Every structure is written in structure tokens, then in C-alpha cells.
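We call the chains A, B, C and D, going by the order they appear; numbering starts again at 1 in every chain.
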């Protein structure tokens, strides 16, 4: 299967990142493709966010490569990777708190619809931007909050907005960094729903601590410990992997 | 808002009084803050002292004087001058110390047909082909003191002289003036940064070049530092230093101290010049301000005397501009350095003296040594095209 | 009311010389011209600093570049249109070069490198003979038509008013365009803006160039007001003053440049009449505003509400 | 070119560098540890010089320097407690403008107390005579400054690298959270650092006073140079400040001393005369731009990321 789909895959090859003496990412090989959720789990400090930063282009790798649909994008910056269909969400929600939800989303839509080097026409005159923004709001369930300033949103709604911002660029690959962090039960359920819908048409790399969510969503799981992938496979296989249980799930179960 | 109303009321009062021609209005724009302020403050104090001696009257008319600080900035000076002319409608303008500021305000002043009495800045631009009917300089043309020192150093037959000045037009004029009368060999002609304070690098170069004498023009704080550092490097005893008067006057002596003793400099004025005006000026300046007067103070004093004489000559009728200018042009009064006379280009024809810093009684001050020039005219007067 | 404000201000601007003349305060016409021109430069900084979030401590460089270019051209006999065009162009080019270099850095390094680049220009002007050194360059006022030159206070005033009106209109359009949206987004959340696919630096650079160009335009007009240009136009104190104006006016609000300039120059003018120690009071007022009303005298500032953040990845 | 000339110019460069270092060291610590851009740093330098000039006629030069340092540290400490500490959490923009305001205020206050004209401060009598070095005479006072600068540099090195306070400083400069985690009381530590910076300023002002000029605004140009040093060296790094000072000081001196000669050799004197000073005066800014171009965080950045 991997061979057939290789034209549309996000691939990490021997990816390494050092901060001084600290090796935050060591020889990571990873492949995300097609549709559905590939979950990345691991204890705190395993280097998950660093990996997302390397994949999204926020950080340059110390060595190794990142391939996007067969192209080496290791030297391509974040905007360049977005243009190639890779988008991300943030663990700590990253939105424009002083803007309304609508304006947040319109900005994001603007990025995929024509150049933004337009200096003269008022952006508020562009109906299409706002219409598409409203559609995305509908998709993530924020329609009723369109006119609210983002700073007025609840924590869960902000998480939704963060996801919506990433979605607006219409990515083929979506990196989601702990979308469930800090959510209440009901909000979590809604988010799981949302992720399932998103993953229906694109590939999602999901980093998450909520194991129930991970195992209900993922069709593949990789485990990152101390910057290294120690196991990769179907959720069932991972659950039963003794090394994973010892290194990671064991602690979780004990707690 | 309340304050704004007060301001408005004040300005209305000022403009109302402008209508009544029973007072002489003078705009005094000078450098009263910043590194160059010592010069402006001395000039202002000298001017004020003259007013006091004249009973706060100029030519018998009461004086309304407005002081403003140009902060040694051309644009600030221009605004102050603009205000004095347009708002206060002054009869005379005076006060600017630095030539570059004067050049910046010149057109504004001349367009308004207000007589400008320069108590210091004497740029060549207003001395020759560009001289102006409304411009009168009571001090000197910029080159004069340097010319005098050039002549004196020449007469001492020094073979190699190292000359340096700040890299701006007045600095270049200074060295040009010096070279006009010095005919020997110039070892090097060096331009330093404007307002430079540390001259270690230049002093090392001087030492290495082994000249027989050094001449430098450094205004204000730069001059003080150059002399101090030159002495501390041990050069003052090996290679004599010659200065124009403004680099070796009361302000500089006070700052540098005993190392100044022995230095020759040139000036159109000296404390012990014997004439009644100067005697009264020097004594009262010391008494009033508690320090020795400098040539800037003397020039400020002279500026007030010149205005007073002119107002007296036109019998207080300031509305006749042509008559006032004629009175200024043909003035004859006893200045701090004797009988005063203008050249055709409105710059003074005057004697220039050699002074030497010495211990006089308990204090260190300039001592009159001799006369370098008698009735000296500047080099530009012959190109005069009065506008 | 808010929609009417620009028109009310414009009407007031148009009428001001007549009002001042009626009050017998003609002197203040040239003062007002200065306020308008400096306000244009300050508004340009507001575009960079307020809307773009880039703390440029070298704004005087572009102002001065425009002024020096105009003075050099005037010396060669060029007329006002050429001065305006080339002066603005040179300032834009300079802003492009300086901005490109400075935008490689962030935060304090950005502040310092913009300052250093401007200082470089300052010392170049001070020590270069062809730029007139410390004395600067003097010009004769440009002719408008017939015998009318910009030496005439009213002609100068209406020229300045036209320039400011056009400048503010340009800024308004830019700020509300797609481009302006991205620039403000980059100010509020740079990382996210890059993650949305916008090459942030490119937008910031273009914005920097627009701000630099408008400052250059103001510089050209400044030479016409003064009749000369000198290095103090390029000094870091001048840059600091522009920043002061933007902050007092309320950084990132549309009228910040005009309001801040009017307040600061007005204060200087007023305090200068009353006391020699006016910088003391300007300092105290500025410090008070910074400590107790950091959003400026206008109240809608955006830069200060947030704590500064250091992005830890 | 004669060797003794090069040697003398080198001494001049080092002397200037070390004084620059005194200013830059405090600036970089305040910058690095408290994340504060302090434009009022130059004002403390000015106050140090004025205090020295005030005390010197009564107690002699050296005691006056000590008194000035103590006095300026006290003023610095008070300033920190009353105003500066309100600025730490603010944006850099607020800091720049607030300290710009402090600078304006300090200038006016000094002018009110001491007047608008420069005041006299002379080198101590014992150091007023030049010293014979191999090949040339050199100002004893400048030699003393070099010695003092090196001494303070060594002391700072010891303080930062060998003492507990130094450990806090280094930790604070590389990671602000870590200082908190170590249980250090931040408030007094910050006051101490600020006062230390003020003391270094005062020393520089006191020592340079006799060479330069004790006047209002004397700290402004040298402050910009100190900022250049800090940025070249890397914010928060004492070592960076030291290396940066030497680079800037020696480059500036060499530029003034030798550039015109070199240019004269290459071009005609007229051209050299007008370009030499221009090039010399922008050399250090070119250096800074070049450093930042290749190392945007300076030569020795104290903080790893973020």
C-alpha cells in the first residue's frame, strides 16, 4: 500500500534535531498518508512537539529529510509547506484573540484564495472570503460565534477555532498537536467527532494524551520515547506491544 | 485649556504692543543649552550687562527682549527666528553663535527686512559676494583670528606646522584663514569629527609626525579636551600649541586649568584693553556673574551698544528702515575694544591682538602681549556685492 | 460621527489659515505646516510600528533620506514634482535595503539594528562633504506656479495638508486591504500567520517600504518648510521623537500620528514659551503616559494590552 | 608605519574599549537578565561623572570616584525600585520610551543642579605627567584607566563565574524561569544587578570625565556605542560585551588613525580627506550590521532559543 500511495505522503526520513547536547529527535522515520488518523503518542518530554515543528517547518532539522508528496521540503519554510498542502494546529491555541471569529477565519481563507499582495481594495468588501469563512465555521460548529471576539470564546471553542484556521487552507495533511488538551468531557466528544470528519478526506497526524480518543480514532499509532520511535503499528498491535507497555502505557495504567 | 487661554491672551498682548512704536523689540536667539551653551550664555550675559548699563533702554527707548534657545540646532533656530519676526515683529535680531545656524536662518531674516546684528558668527558667505544690507557683524569675520595666528606663527618662522580642525565648513574656513598668512610648510592638515571629545588617536599621529608646532581650532568642549589631552600626552612641552582666541578664553581656561599657562592665542578683544567701556564691562561682568568675561561676552556687550547707538541716531524712529540701516552702517561708538568701525561689507575693521595665558595674581587668565593686525579687513570685503 | 471625523478634520484643516489670520496669529500657519508634515512621517511610522508591530528605532533615516535627496535635487535645479518623486523613491529604496537587513532579526535585535543603520546614515551625512557635513544643505523654495513659491506660508500649508491627506488616505486603504490584514495578523501572532501560509517577512518588508516611502515624502516637504536639511533630521533623537509621537497618539490607532504630533509639538511650543526647562516636563509627561496610560492619549492601542511574549517552541 | 605609533594607537584603542566595556557590561546584564532596554544607562554614566566632579575638589580624585560610584549605585537602586521594575513586564517599546523619558528628565535635573555649561574635572595631579614607554611617552592617566578597566573586568569575570550571585546572573541571562526555580528572590536580585550596572557606569563616567567632558548629554553618544557592543557581543553575555568592546574600540581608533593615511596612499588627498572621516565614523556600524547578518543573535548569545 505504501508504495502505491507514495506520491501523496508526508514522510520523515532519519530526522534528527539537537538542541546543544540534547538530542530532542533521534532518527525518526515516519509516514503519514492517504486518509485517516495516524496517532503519535508518548510520555511528556518525548519530543512530540519538536517533531511537529520539524514536520511543519517551524524548525530546521539537524539532519535527515522531510518529504511532502515525494518532494524534499527540508529547506522549505512553513508558508512553503502550507502551499504544498501541509497545515497544523497548536497545543497552546494560536489564534488572533482581538479579532472576531469571522475575521480570524477570513484571514485564513484569504491565504488560499489568490494573492494577498493587494493594497487598495478593502478586504471587508470581499463577500466570498466571508462566505467561505462562514462555511468553515459551520464545519467546526462555530457558526453562532462568528461575530464574537476570539478572546470571548471558551477554551473548547478556541480549540475549535484553532483547528478551523488550519482547515481553511484546505490541507492534504494536517498535524494536530494535542487538540483535546484541557477539554471537558462534552467538548472532547465534539472534538473527536470533528477530527473523524476531518480525517475522512485527508491525512491527520494526531498527537494526543487522551488514549480513549487515540484508540477510537487512529488507524495507525506510533510511539515516541526520548525522541525515538520505539514502535509503530495498528492500535491493537501497539496496545499489546510489551515494550510500549513497559515504557509508556505501564506508567499510565499504574496511574 | 485654561493654560491655552492664557497663552492666547499673552500672544494677543504681545501683538497689541507691537503696534505701539514706543519700545525697541529685540529677538535674541542663541545656544543656551547643550554642549555649546557656554558660548551663548556668555554672549547673553554680556548683552544683558550692556542693557543694564544703558538703563534698560536702547537709544532712549525701553527694550522688549525675547530670548530663545536654539539648542544648537538649525531647525530650532529657524523656528525661533520665524516666531520673532512674524509673531513678535522685532526690530532687531541677534544672538546666534554658530555659523551653520546663522546660514540656516539668513534667508528668513533678510526676506523680512529685519536688521540682524551678529555677535559671533561671521561666515564668509555673508562677507563677500553674498553680503546683505540687513546683516551686520559686530565681532569678526570667521577667518580673522585664524589669519592673525597664521601671521604670528609665520613670524616665528616655524618650519613644519600640523593643523587640524573639525570636519565642517567653519573648520575648513579656519584652516584656510590660517594658511592665508602662514607661508611655511604644513606637515599635515587633518579634519576631526565634529564635537569629538577624545583625541588620543590624533595626538598619537601628531607625535609620530614630529611637527615644529600645532595649530588647531576646536569649538566648545572639543577645544577643552584637545588641550587637556595634548598636555597629558606630554606634547605641550615638546611641540608648542597655538590657538585662536575662542579656543583659549575664560571658559576654556576655567575648564583646563594650569596646563593652559603659556599658550598663545589671538583675539580682537582682551580683558586689559584700556578704554572706559572695557574697564566698566570687565569690572561689572566679574561683579555681576562671578567669573571672568570671555570674548563672547564682550561681543554680546558690543552688540547692545551698536543697537543703542543706531536707535539714538534715528531718534527712536524705527519705522524708517533705510535710515536705521544707514545709522548702523556709519556707526561710531566706543566698543569693548575701542572705537568701532564697519567695513563696506558690514564686518568690522579692527585690530587683532596676541594674548598669552598666564598666572595673573591668583587666577589664570589671558594677558595682552601685542598687536598682530592693525585695522584688519577680511579677505572677502573686496568681493562685496551688497544686496 | 466616526465616519464624519475625517471630513470634519479636513474642513478644519482647510479653514485653519483663515481662522489664524482672523485671530491675528499668522505665525502659527507655518507652525501648523510643520505639524502636518511631521504628522505624515509619524503616521508612516505608525503603519510600521502600530499596524506592523515592528519597533523601528531608525525612522529618521527615511525622513532624512527624502530630505537630503530633495535638497540635492533642488541644488541641481529640479522642481517640486521631481523632488517629491525621487525623494520618496530613494527613501523607499533605502527602506527596502535596511528593512531587508533588519528583518533577519527579531525583537531587541531588530530595534538595535534599525537604530544602528540609521546612525550609519547620520554619520555619513555629518562627515560627507557632498552632503554638506554638519551644516547640511540649503535650498531655495520650490516654485508652484507663477511667482508663488513654497516660501509662502499659505502655499506651504496647503501643500502639506494635501500631502498629509493623501498619505493618510493611502495608509487607510493599505491597512484595510488584504495586505493590511496580513500585516496586522503578523503583528498579533507571527507564528500562526506563518502557519497559515503567509511568508511573514515578505509582507513586513513591503509594509516597511511603504512606511519608509511616506516618511521620505514628509522629508521632502520638511526641506521646503525649513529651506535646508541637516543631519539632525537623521539623528536617533529624531527617531525617538517619532516614536514618542506615535505612542502618545495611541499606537496602532489610525489618528495616532496626527494626534501625537499635534500634542507633542504643541506641548513643545507652549512649554517653550513658559519655561526653559520644557524637556523636563515633556519627559515627565511621557513617563507618566508610559507608566499609567500606556495605550496613549487615544485609547484604542493594541500593542500594550498584551504582555510581550517570547515564543518558546 | 612606525611600530611605536601602532603600539600607541593600540593602547588608545584598548583604553577606549575598556571604558566602553564598563558601560556595556552593565547594559548587557540588565538586558539579558531583566530583559530591559535601558536608554537611561547613559544618564547614570553622566551622573557618575558629575558626582565625581562635585566631590573631587573636596576629597581628592580617588575618594571622589568611590563616593560617586556609591552615590550612583544608590540612585540606580532607587530608580529601579521606584520606576524601572514597573517596566520589566512591559513591551520593549514601552521600555525604550520610558527610559527615553528618564533620559530627558535626568538631563534637565542635572542642568538644574549643575548648570548648562560643562564643569571641570581634572585627572589627579599624580597622574598628570606622561610616562616614558619604550619608544614614546604616554599619558599616565590613560595607563591607569587601562589598568582599572582590566581590574574591573577581572573582578566581573570572578563575580560572574565563581560566585553564587554570578551563578544567578548566568542562569537569569540564559533562562529567566530557572532563576525563579532556584528559589532566588527576584526583586532584590534585580535591584542589585541594576545598582551594579549603575556602579559600573559611574566608574566609567568618573574615569572618562577628565578625558572627555562633564556635560549634560555626555552619555548619549557613548550609550549608542555601548548598545552596538552589546548587540555585537550577544545580549546577556559579559564575555560578548568584552570582545565586542575590544572590536568596536580598536576598530574606531584604527579607523580614525590609519584610514585617512591608507586612503591617501590609494587615492588623492582631497578624496581621502573627505571620505576618510566618513568611512571611519561608520566603520563600527558596518561591523555591527555584518555581525548581525551572519549571526543574528550576536557573537556569544547567552540564551539558546526563544
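The working rule: contacts are C-beta pairs under 8 Å (C-beta built on N, C-alpha and C of every residue); 3 or more make two chains touch, one makes a residue touch a chain.
All values reported here derive from a predicted model rather than from experimental measurement.
Asks: I need the common contact partners of chain B and chain C, sorted by label.
Replies: D
Asks: Can you tell me which chain is nearest the middle of the complex, judged by mean CA position?
Replies: C
Asks: Could you tell me which pair, B-D or C-D, is linked by more C-beta pairs in contact?
Replies: C-D
Asks: Going by the average position of its CA atoms, which chain sits the greatest distance from chain C?
Replies: A
Asks: At what distance in angstrom does the C-alpha mean of chain D lie from that of chain C?
Replies: Those two chain centres are 31 Å apart.
Asks: Report, in whole Å, the distance between the mean C-alpha point of chain B and the mean C-alpha point of chain D.
Replies: Here chain B and chain D have centroids separated by 36 Å.
Asks: I'd like the Å distance between the centres of chain A and chain C, where a centre is the mean of that chain's Cα atoms.
Replies: Chain A and chain C have C-alpha centres separated by 42 Å.
Asks: Between chain A and chain B, tell me the centre distance in angstrom, where each centre is the average of that chain's C-alpha atoms.
Replies: Here the centre of chain B sits 75 Å away from the centre of chain A.
Asks: Which chain C residues touch at least two other chains?
Replies: Where chain C meets two or more other chains at a single residue, that happens at 126-127, 313.
Asks: Residues of chain B that touch two or more other chains: which are they?
Replies: 32-33, 167, 193
Asks: At least two partner chains per residue is the criterion; list those residues in chain D.
Replies: In chain D, the residues touching two or more other chains are 111, 277, 281, 305.
Asks: Can you tell me which positions in chain A touch chain C when the two form their complex?
Replies: 49-50, 53, 56, 58-59, 77-80, 82-83, 87-88, 90, 94-99, 103, 106-108, 110-112, 115-124, 126, 165-166, 168-169
Asks: Can you check the complex and tell me which residues of chain C touch chain D?
Replies: Residue positions touching the partner: 49, 55, 57, 101, 104-109, 111-113, 115-117, 119-120, 123-124, 126-130, 236-237, 240, 243-244, 247, 251, 277, 279-280, 282-284, 286-287, 290-291, 294, 303-304, 306-308, 310-313.
Asks: Looking at the complex, which residues from chain C come into contact with chain B?
Replies: Interface residues on the chain C side: 24-27, 30-31, 34, 126-127, 133-136, 138, 140, 151, 226-228, 230, 232-233, 270, 272-273, 276.
Asks: Which positions of chain B touch chain D when the two form their complex?
Replies: The touching residues are 32-35, 37-38, 41, 167, 189-193, 197-198, 200-202, 204-205, 207-208, 221, 224-225, 228-229, 231-234, 251, 254-257, 259.
Asks: In the complex of these two chains, what residues of chain D are touching chain B?
Replies: Residues 2, 4-5, 8-9, 12, 15-16, 111, 116-120, 122-123, 128-130, 136-142, 210-213, 215-217, 253, 256-257, 260, 273, 277, 281.
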